[in-house]
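What follows is one structure encoded as structure tokens, with my remarks underneath.
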Amino acid sequence: MAQRGYRTGILDLTQGEMGTRGSVEERAREAAEAEKMLCVSWRQALDIPDGRVENTWENRLKVARVMRQRRPRVVILPYWKGRHPDHYTASVLGYEACYLAGLAKLDIDGNVARAPSPADLAGAASEPLRAGRSQDSRRDAGATRPAPHRPFKIIYATLYYDVRPTFVVDITEQFETRFQALMAYKSQFSDQEAGKGIFPAQAEIRSRVEALARFYGTLGGVTYAEPFLQKEVGLVEDLTLLPVKSI
Amino acid sequence: MAQRGYRTGILDLTQGEMGTRGSVEERAREAAEAEKMLCVSWRQALDIPDGRVENTWENRLKVARVMRQRRPRVVILPYWKGRHPDHYTASVLGYEACYLAGLAKLDIDGNVARAPSPADLAGAASEPLRAGRSQDSRRDAGATRPAPHRPFKIIYATLYYDVRPTFVVDITEQFETRFQALMAYKSQFSDQEAGKGIFPAQAEIRSRVEALARFYGTLGGVTYAEPFLQKEVGLVEDLTLLPVKSI
Amino acid sequence: MAQRGYRTGILDLTQGEMGTRGSVEERAREAAEAEKMLCVSWRQALDIPDGRVENTWENRLKVARVMRQRRPRVVILPYWKGRHPDHYTASVLGYEACYLAGLAKLDIDGNVARAPSPADLAGAASEPLRAGRSQDSRRDAGATRPAPHRPFKIIYATLYYDVRPTFVVDITEQFETRFQALMAYKSQFSDQEAGKGIFPAQAEIRSRVEALARFYGTLGGVTYAEPFLQKEVGLVEDLTLLPVKSI
Amino acid sequence: MAQRGYRTGILDLTQGEMGTRGSVEERAREAAEAEKMLCVSWRQALDIPDGRVENTWENRLKVARVMRQRRPRVVILPYWKGRHPDHYTASVLGYEACYLAGLAKLDIDGNVARAPSPADLAGAASEPLRAGRSQDSRRDAGATRPAPHRPFKIIYATLYYDVRPTFVVDITEQFETRFQALMAYKSQFSDQEAGKGIFPAQAEIRSRVEALARFYGTLGGVTYAEPFLQKEVGLVEDLTLLPVKSI
Amino acid sequence: MAQRGYRTGILDLTQGEMGTRGSVEERAREAAEAEKMLCVSWRQALDIPDGRVENTWENRLKVARVMRQRRPRVVILPYWKGRHPDHYTASVLGYEACYLAGLAKLDIDGNVARAPSPADLAGAASEPLRAGRSQDSRRDAGATRPAPHRPFKIIYATLYYDVRPTFVVDITEQFETRFQALMAYKSQFSDQEAGKGIFPAQAEIRSRVEALARFYGTLGGVTYAEPFLQKEVGLVEDLTLLPVKSI
Amino acid sequence: MAQRGYRTGILDLTQGEMGTRGSVEERAREAAEAEKMLCVSWRQALDIPDGRVENTWENRLKVARVMRQRRPRVVILPYWKGRHPDHYTASVLGYEACYLAGLAKLDIDGNVARAPSPADLAGAASEPLRAGRSQDSRRDAGATRPAPHRPFKIIYATLYYDVRPTFVVDITEQFETRFQALMAYKSQFSDQEAGKGIFPAQAEIRSRVEALARFYGTLGGVTYAEPFLQKEVGLVEDLTLLPVKSI
């Protein structure tokens, strides 16, 4: 999406402090490096405790505030089932925050404590909510409060989940960069003592990542792809442009 | 699709001779009238017995032959479940015929009796398999046999079935004409004695047809729509172009 | 149900203060007007914040208290999935409140602050939980606490949700009044500036409401119907009385 | 249903000649005995080969003919999935025969050989299609052909299949007789050498039959019940009469 | 599992104080008796309020603490849907506690108040989370804190829920003892005035328990069985050892 | 399975004569080569026409005859949905043949023409039904007819289908040989002119095959795996031996 000229961004809900491997500082540095590779326009981390992402009013307001500031047209959330409680909770939390962000009568700033300062946020990384281009530019320049905003489209990333996607996106051109961005998280993916029983050896990772991308690529008739789910039915204009061979 | 400039066609599997209402001649006349309204490039009826559409080798060859002649890129089949056995059988029969039509080594003409002459086919109508534009033009000019052909895409029309569609197609602009084309089947839809207990009164039909189209329109965020199902996962290029509001 | 002589009621969880359109006072007035049209025996609004319906212990007790006072045999909840977080949360909250209301050892009044006074409650409206006739009349006359009570049946209204209902209820006779009751919410449904991009034009509403009711009517073989879901399997006494034609 | 005063009947598609145990004569005798216990108004066996029930035109006509003669309002078919091919094929065959039986223009008698004589049919038994009371009495008295007829309702018996039923029917009062009717099939259920590895010992059968009936009884809040599936959504008139406790 | 020589245990989340029948003391006594019959190595009750099992951080820590102390390889949770809110909430709470228990950086003891003393815990009973043998023995001997621990396998008991199990476990040998252990809860299962409308008569219970066990036994080709669900796909080594006949 | 010492075999339903690439002779030669690599005890091809596998009585008898001769305990069929009609039809055909093979009263040889001679069968290959070790050895030595036989277990290979498997089988050790056996079908997998638009370039195949095997390996916690589906619920003896980590 960035290559197509859209503004993209990543919202990390936590700072990853509970990870078996890596310190907050390390992960922030790694996230910043990945951010550059992925050409995202912005990346920001909230201060929700890692391992304790809860769908509370306060957390919903924190995320809704970012929605109003960043004004994405498309929001990508994690799928609503999964292995890691933070991930599936982030899915519901993210959805409900999008809802709140659009309530014209909701005064978010009167309700939450000061948002984290830019310094706090620089590059921290985990449980990302990825956001597409801004829909409009009514956002405040400094003093004024951002207007209500609701994304047009919310989709769910199902890459690590055992569910049939609604559609896949061709990432053949981006696969290599995407893999390097993943490898930027050295604390997570380099061979080391901590978590040896839980984490795959580095040599394994490349083949796994490739296998997953190829598997979803096969479903869409391309080489590498990433899977997504949407709740709405589709709307098709021209049947002859429908991709993916049936027979 | 016709309005977009594509060649479209309708293949009727039977001639409707078992219908409680209407003779074969009446139905053929009505189908011809509907054909004109729908601006299809061709309409053709096979001689499979009405009420006895079976997925036999002979029937598959009959349909496969038309596939090779017409060379559609997109084929619309009825959904594979339903109330009328002819309809759901037509779904499997149509699918398998598409498969056969692509087998390079299958000599269809050596296997079936003479195909129906153009005169026989003019406008007969029932259990239609609708087909999109031709994919290429390798088809024979008279003497030579049409080359193998397999449609790129097969989708399923679910309008009268109780199933969630994969996508809907906006027919707001076409709704009125489509309704008139339906009404062209006077033997089926005008008030009369035969089948009074089975057929809705004419006054009812307009509201039902409209309600169904509006219902599916609502799912897709448009006024009137028609629902379809595809077996494949989708392939999306630009997330910001995804239609249908999520929230 | 009111026309059949049952006592019916509506429990609004919130007072609708977060709605883009309409003030709390307006909505209360509108709800009172709709209440009259629908011939409900009672309508009551809790003070749960609009846009922030949460399944907390306090909220469960608030609803459970009403269950003990009103003693419904049937409770209609919103479906447990949906677009609006308040709606799907109300579904779980309502279910769990029904459970609590039946716990003989639970002293609800010792647990919550004073219930809202009748004056506070008059006619406020939003996120309604509709309740059927009272099952018995053991409820207190003034001083004494209402006895534990659990509804016999809990069903889910799925009208605006994309799910196959278990059954529909014929509302052909009630359709017109029901539509007028909807229109009583002038702040929501009259054409106006606020929320113009979100709300359909008034001219649209009638056709949409009608289309939905007709769609579900078609499923049940009647003109207009409303869809519901129940979790339990059914229990049928006489197979010849089963409605809805199969073929 | 017989106890409620309805005419009931059983249509056996085959004569059970392929059963590991029992001869055709034995099974016919046993079926006649069971018939008496179940108080059915009629029982009839077709001559479709056992182990080879196929959904052919001829077989559909054979069953459709009986539909026109017996004119049931409700038809109970086996569930459309299962272990025994004859059973699941009977499900589709039965459904399509019901469809054919209603086609006004279909002259069944011109299409099939002489129907089996009453003598042939007396009591033969296997793969039964059970049919409810006749819907009307337009059927022929001897010479004239029975008029077209389509049952109003088709439901599916799921007792031995691993699927959630739509509803159960209370058989607490009938359980004992029903069990005795099952035991009437001595060739199948008495301890013997043939098929020892396949058939449960007689001592086992009572507990199994009881466990299944109780299991489905539990779902419906009664002691013993039998499970059924219907494809249509339900239609409910009075919500307070909905059986089966929710909570 | 105990008979096979494994250490087994039961974790009761609450002390059952909200039950319509029985006091906390009675239920604790009954649980202790059942514990002996079931030969479990340990049984422990937390102090989460009965009727108010909530998936809070505090409750997750309470359960996670037990996971670290007991170190089970297999954890059996209630199914995640059901009639009783405490049961389905226990399912999510238990899962997330297992997750937390494995976080190397989580200092549970710094986060919760003192755990309940052994005296408090003796035999209390309700909403049990059953746990299999300990996976290893790194647990503390007195003073030191138990190391992080995550169970290898989490499965879900679906006995009272309307869902198809992934697998069943043969309990034919254990059925009688298991039933006696159930009967040990005299306050719940003996005939009495309290809750007469809600609880089945004692005479009923035996047949119901047996019917359920037999029903699931039938699915697995054994006499009595208990059903379980797992989220993961299976992994099979030798196809000839696959149990349960297909045909 | 062969490496574990079991007798394994492959039954090809057709001789692949309709394949866009390769002649019958080539494919027979290739199948023989693959057979050797896979160490199967036997491989046999029926004479069912390629592209026209139909579930007829004659075809069922042909397969049932092989079941009686080979007497497998486990039969692997293709999944019952799919892209190629021959594949999904083979699934039903194979299942029903297994059923027939067990009917004690069915005299297969009186019903079919002479079975294909060993010479005809040598090594032909396509639409394989793979069969596990023989269950017993009652089969005839030459003159006598093989006794009835029904496999204990029927499972479905879902490798190329879009469905969640019940379980996977670790093929890490066998992956390389399996790939070589696939490559033995040179007519299908070497780069060539015929079918260039339909077949992937040879360079692609290795990565695809590997990606699929790795994807299913990931689900089962191993490197390479193959997916299968079974209709029955499982039966587990020892919960601590359940493979595949849950969390």
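Think of it as A, B, C, D, E and F in the order they're written, each chain with its own count starting at 1.
Note that in this section contacts are C-beta pairs under 8 Å (C-beta built on N, C-alpha and C of every residue); 3 or more make two chains touch, one makes a residue touch a chain.
It should be emphasised that the depicted structure is a prediction, and the values quoted were computed from it without experimental measurement.
Asker: Counting hops between chains that touch, how far apart are chain B and chain D?
Answerer: Minimum step count, chain B to chain D: 1.
Asker: Looking at CA centres, what chain is most distant from chain C?
Answerer: That would be chain F.
Asker: So what's the Cα centroid distance for chain A and chain D, whole Å?
Answerer: 56
Asker: Measuring from the mean C-alpha position of chain A to the mean C-alpha position of chain B, what distance in angstrom results?
Answerer: 42
Asker: With centres defined as the mean C-alpha position, give me the chain B-chain F separation in Å.
Answerer: Whole-Å distance between the two chain centres: 36.
Asker: What are the residues of chain F that contact at least two other chains?
Answerer: In chain F, the residues touching two or more other chains are 95, 99, 162, 164, 219, 231, 233, 247.
Asker: Please list each pair of chains that are touching.
Answerer: Taking the chains two at a time, the touching pairs are A-B, A-C, A-E, A-F, B-C, B-D, B-F, C-D, C-E, D-E, D-F, E-F.
Asker: Provide the residue numbers of chain F that touch chain A in the complex, in ascending order.
Answerer: Residues 83, 162, 164, 207-208, 210-212, 214-215, 217-219, 247.
Asker: For chain D, which residues count as touching chain B in their complex?
Answerer: Contact set of chain D toward chain B: 57, 95-96, 99-100, 103-106, 231, 233.
Asker: In their shared complex, at which residues does chain B touch chain A?
Answerer: Residue positions touching the partner: 1, 4, 6, 73-74, 76, 95, 98-99, 102, 132-133, 150-155, 164-170, 219-222, 225, 227-228, 230-240, 242-247.
Asker: Quick check: in the complex, which residue numbers of chain A touch chain E?
Answerer: Touching chain E from chain A are residues 17-20, 51-52, 54, 84-85, 162, 194-195.
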